[in-house]
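Next up, some structures in structure tokens.
Note that chain A is present in both complexes that follow, paired respectively with chain B and with chain C.
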Partner chain A sequence: MTDKIISVYWFAILIIVAGGIIAMVSLFYNSPYDVREVEAGILTNKIGDCFSDVGYLRQEVFDNANFLINEDNFLEKCDLNFNSTENELQYFSQVNVFRGSDLGNSFFEVVQGNKNLKADCSISKDYGKISKCFEKSFFTLDKSGNLYLIKILSVIDKSEKNVK
Partner chain B sequence: MKKRGTILVENIIFIILNLLFLSILALFLVKQGSGIILLEESYAKQVALLIDSAEPGMTLKINMDKAKKISDENGIDFGDVVKVNENIVTVKLSKDSSYSYAFFNNVEAGTPYPDKEFYILKIDTK
Partner chain C sequence: MLNKKAQLSETMTWIVATLIIIVVLIVFIFISSSFAKVKSLTTKSLKISSEGEDVDLFKTKTELAYRLSSEENKKIIDEWRKQNA
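For the complex of A and B:
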């Protein structure tokens, strides 16, 4: 009789444990893979390659001390396409260029995409439903050897596809 | 003094039930990990990220043996599993489901085609 009671308790414990495992596994596999950080990193690198090649500003974007890139031709010059399956724009990019002699003030800026997404970068990263940001900065030279600092910020929303 | 054998039978039933229970649990875990919806999503995102990082002139060869196995089981031609339309990758592993993900790299990903368990994508300029 005691053995049978122990068996009942044993199965009750098994059911509780199994329930816990099933709940955790379901929760884990039902959440989509969040690839936005990787995606934002790739976007930032691509924009970096668009501005600079082997340490020098590209002639296609910078010639005679002037930038040939602006909001209208940014996507075309950098071979980007910000269309997506969602209705709203899911991407935002901002590039700031600073002269080596004045790193405090940006002398050139270009932005493209959904400007509302930028605000998400100041919110804690722990809150998964907000957009993912990736910032990168690097130094580069022009043909005359002048130094420039380029800061690139990329933001990707796509919450519907990456967060439950 | 001879002992009765009922305790042994109870033990065997108890062990069998335990094993059955653990097998069902293991089967559930395996099934969850290899679900069609999960694979469609991971393949679509993987292909989109590969296209994002690719440069014109590159050829991408993606191992999709799991996708081939599942598409064969579901009666989907392996050649129809990956489609690229404009800048959207769609992966379809069953008749009732598919998953799409957008890439931002403005390149021509052409028509992806299968080669045994691999998928080949040729990247060109638009």
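For the complex of A and C:
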């Protein structure tokens, strides 16, 4: 009789342990990886490469002291695609160019994507469901040797796919 | 009487063992759920490592512009770097 009770007990313990392991694995693997920060970083790098190459502004975007890029051709010129499976636009990019020593006033600006996402950048990063922002700046030159500071801001929403 | 005592102590051992197993399982479930919350890739993984040092693509771009710049522009870049250090 005691042997039967012990075997039932072992069976119960086996079920509890197996259930615990299943719970642990499903808890860990059911939550998605949040890759938005990296995605925003890659987007910023890509835009940076689109504007400047080996220290100089690229001819495709800047010629004869004028920027050839605007809101209509930004995605095409930089070889970007902001389409996603969600209904609303999930991306936002802003490029500000400052000329010479005048780093306070933007000489040129181009904006593309969902403008509503920019507001999320001022909210604390601790809130997981808000959009991820990534901003970088770098200097570059034109062929005449004029100096430009390029500031790029990229924002990615996609919170439904990246945060549970 | 002695037989009953032995049975009681054996039962107690199983009960304590079961409780320990359940507590350990709960602790592990809690740990795995906290690991699941921090599953995110950061921009540190975008940096390329070269001879033990991280290479920032934007710092490289600025460095290139700095080397190609005139003295006047170099001063502007130096000042900007100081402000953003």
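Couple of notes before you dig in:
Here, the second predicted complex is superposed on the first by the 136 of 164 C-alpha atoms of A that agree within 3 Å, B and C clash if a C-alpha of one lies under 4 Å from a C-alpha of the other, contacts with A are read in each partner's own complex, and residues count from 1 in each chain.
Methods note: contacts are C-beta pairs under 8 Å (C-beta built on N, C-alpha and C of every residue); 3 or more make two chains touch, one makes a residue touch a chain.
This one's a predicted model, so the numbers in the text were calculated from it and none came from an experiment.
In the superposition on chain A, no contact is made by A:74 with either chain B or chain C. Of the two partner chains, neither chain B nor chain C is touched by A:92.
With both structures placed on the common chain, the touch criterion links A:37 to chain C but leaves chain B unconnected.
Put chain B and chain C next to each other and count what each touches on chain A; the higher total goes to C.
By the document's definition of touching, neither partner reaches A:62: not chain B, not chain C. Once the two complexes are laid over each other on the shared chain, residue contacts for A:139 go to chain C alone; chain B is not touched.
In the superposed model, A:83 lies in contact with chain B only, and not with chain C. With both structures placed on the common chain, the touch criterion links A:14 to chain B but leaves chain C unconnected.
In the three-chain superposition model, chain A touches both chain B and chain C at residues 25, 32-33, 35, 38, 42.
By the touch rule above, chain C contacts chain A in their complex via residues 14, 18, 21-22, 25, 28-29, 32-33, 35-37, 39-43, 45-46, 57-59, 61-62, 64-70, 73, 76-77, 80, 84. Against chain C, the residues of chain A that register as touching in their complex are 9, 13, 16-17, 20, 23-25, 27-28, 30-35, 37-38, 40-42, 45, 48, 52, 54-56, 100-101, 103, 134, 136-141, 145, 147, 149. On the side of chain B, the complex with chain A involves touching residues 7, 10, 14, 17-18, 21, 25, 28-29, 32-33, 35, 38, 41-42, 45, 49, 52-53, 86-88, 100-107, 125-126.
Chain contact summary for the complex, chain A toward chain B: residues 3, 7, 10-11, 14, 18, 21-22, 25-26, 29, 32-33, 35, 38-39, 42-43, 46, 75, 79-85, 90-91, 158, 161.
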